[in-house]
Amino acid sequence: MAQVVVEGLRKTYRVAVREPGAWGAIRGLARRRWREIEALAGVSFAIGTGELVGFIGPNGAGKSTTIKILSGILRPSGGACEVDGLVPWRDRIRHVARIGVVFGQRTQLWWDLPVIDGFDLLRDIYRVDPARYRRTRDELVGLMRLGPLLDQPVRQLSLGQRMRCEIAAAMLHEPRLLFLDEPTIGLDAPAKLAVRELVGTLNRERGVTVVLTTHDMQDIEALARRVIVIGKGVILADEPLDAFRAGVLAERRVVADFAGEAPRIAIPGVEERAREGRSLELAFDPARIAAPALIAAIAADYPLEDIRVVQPQIEEVIARFYDLHGAGEA
Amino acid sequence: MNGVALYLRYVGASVRAQMQYPRSFLVLNTAQFFGSAIEILGVAALFGVFGRIRGWSLGEVAVFYGVINAAFALADAPTRGFEVFGPEFVRTGAFDRVLLRPRTTALQVLGYELRLRFGRLLQAGIVFAVGASAVRLSFTPAQVLLLAWTLAGGVALFSGILVLQATLSFWTVDALEVANILTYGGVQAGQYPLNVYAAWFRDLLTYVIPIGCVAYFPVVALLGASDPLGAPGWLLPLTPAFGFLFLALALSVWRLGVAKYGSTGS
Amino acid sequence: MLRPYLAVLSARFQLVLQYRAAALAGFATQCWWGGMKVLIYSAFYAGARAAPMSFAHTVSYTWLGQAFLMFLPWYADPEVADMVRTGAVAYERLRPVDAWGWWYARALAWTAARIAPRAGLMFVTAAVIMPLVGLGRWGLRLPADGAAVALFCAAILAAALLSATMTVLLNVVVAASLTDRGANAFAAPISIVLSGSLVPLAFFPHAFVPFLRLQPFAGLIDTPFRVWNGELAGLNAVGAIGLQLAWTLVLGILGRCAVESVMSRVQVQGG
């Protein structure tokens, strides 16, 4: 059953046009001129309970406007949207009690207080039953290995530690829907892996629906089974990640390490993509040459140390997709 | 957990957070004491030169001064969240987080901080005590009740002004300094009895921003004087109610501001 | 050789002028404040005992005090305070310019940029518009003659130079104490009282007045405004301006030594 239903969502902002120079500023005081900016031009999608959806798009595409509407912060200019049967902006307090939101760049904890005090305060803000709170909190603390962090003031935590605490904080009232906005931004590699693992666990084991917005395509690759791509206020793609990848970039890749200098390969339907010393990355069109045939052909002519078939990096797929749709950053 | 209990939890958190910096607590309180005490120094210097102002003595003006400053100090401590609302909530986007929590916005902003500042309050108390003893004010239970009621009205009025200042930041965060006219300027205006001012200014301070209703009329009653402006004696102790009316109006304007934020995002 | 200092001067001027709304808000606030003070003085003078200054002079002094309020060293340069907080202050040593001169130029530019628009508007309001709408009695009276105007300009210039040395000293205190809280909290009340911004220095008890006029803060407000009112004229005015400049020199040298010692400490700590 669909948990989130969005239909024809539109949002226009009115921005004051600033005229240059001092004279323009004075004139602006007397009569302002406005320009309409269409952030969302009719967005529709549905998300089912238990899904983990990657919501991506370049800066200014309308991602955060959509998330803000879904989470009850903003009121749209048109269209409809329901989350668990509630209209977010109309029923803000009931709605936000059922969702969790993590902003990677902003904390929801209290900077100068120990983590545990912030958790306790959230219990009271969300009116969580004390016994139930203790159980949930202890589970989350175990799951996210927060034990040693609980007594430290938030300001003393590393970014990675803090992000684990943020996600736990967003889960204390057991929301069925979790919005994650750039949850891995600024984290080092191990911390990113830890956050991804946590999000995956919450989704798989607790059945939490997750909407993930991020610029880090590795997050998408590691977690999302479905992607919704937005650009210039409209949905450009909404499909399973594999289908999306195949649709945008049909080619597949072979990475070969040679015993000597990497050779030039001239096989029809095969193109060189990258070269580094003894290593070579080749793109091939599976419709023209099958992977086993290509590997056999290379192995027959050159001494190979290793060879493996890989998928194109997701960043590349996305970049190609934006190019195709002219949806790059304005 | 109801709103009041939650507010007390916020207060506890805020106090604990501030106590992480004990030195800064002491420095800022001392500074606030001196920073506000220079005002009475200026008042005293002028009385040294002129003796009286429109018939009022230094002792009487000290009572007016003490009441308005105490009311402002008491209002300023809990409403810190509204005072810094523009830069701390709107400009940073932290107001989004407020909207993401299942509580009313005003309660959460109020819970932002209970500022532990006693400098101005201490200063106001000392000035009031000195003034009260200079004019030999007697404290019957009725007088004490009147003083408390006056202060309550003053706290409500200044809280209302700070809520309006916060509401203004939904439209602009550049020009918030203007609101100081109403807060610090209101304190400054209320330090002197209303009849020292020109008529138009008196009307402004009575009917638009009712500083006079929480600082002048009830204090005239407290001093046992009759109003040189001719307000009837029975009315004087009732006027602090207008502070509460002002606060109620300010909170309804606040709700308009919140709705406006929802449709424009900032 | 002066190029970097002039560059920072003009850059900060432009930066501050960009925030027109803030400047207008500040101006409105200061008008309100000035108006209220004038109303209170008017009530005091109505009970007329002999006062140390005439009502007209007190009113002019009050409006000028609002126009040049930013001469007071309210707080340390916020950018310096920021650098101290983030530790970036150590990089100040890497600039190929003299640290004191750099901070001084910034302080001067900052003061000038905040004063110029507000003072201009205040002059127009209090000296032109108020008399035109019939409020001349409560407005700003112009100096008696050209000589007074010339001396006033010199005194204002000296006040600006003096004010910047104070801001630099505050910066040094902030850099040495690693926080802007203490210094900023005490700088404002002290300078408000001692400069004459609270009430004209002449209104303090007679015995103190000569001493109050010798201390450096008097050079920010009291000296130039008494020149404007003609209470200081001729050689007396020249002498008072000389005192402003002498304090500028003393505080400047003090600041220089302090900047050197603080900056070398910053380097030892390694930021």
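Should a chain be cited, it is by its letter among A, B and C, assigned in written order, with residues numbered from 1 in that chain.
Throughout what follows, a contact is a pair of C-beta atoms (placed from the backbone, for glycine too) under 8 Å apart; a residue touches a chain by one contact, two chains touch by 3 or more.
Because the structure is predicted, anything quoted here is derived from the model rather than measured.
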Please find which chain has its CA centre nearest to the centre of all protein CA atoms in view. B
Relative to subunit A, chain with the most remote C-alpha centre: C
Using mean CA coordinates as chain centres, what's the subunit A-subunit C distance in Å? 52
Express in whole angstrom the distance between the two chain centres, defined as the mean CA positions of subunit B and subunit C. 29
Round to the nearest whole Å and give the separation of the Cα centres of subunit A and subunit B. 46
Note which residues of subunit B are touching subunit C in the complex, please. 24, 27-28, 30-32, 34-35, 37-39, 41-42, 45-46, 48-54, 172, 174-178, 180-181, 185, 188-189, 192, 196-198, 201
Write out the stretch or stretches of subunit C touching subunit B in their complex. 19, 21-22, 24-26, 28-29, 32-33, 36, 39-40, 43-47, 49, 51-52, 179, 181-182, 185-186, 188-189, 192-193, 198-199, 203-205
In the complex formed with subunit A, which residues of subunit B make contact? 1, 5-6, 9-10, 13, 16-18, 20, 92-94, 96-97, 99-104, 262-265
Contact set on subunit A toward subunit B in their complex: 13-14, 65, 68, 71-75, 89, 92-94, 96-97, 99, 101, 103, 106, 108, 110-113, 117-118, 121, 124-127, 153
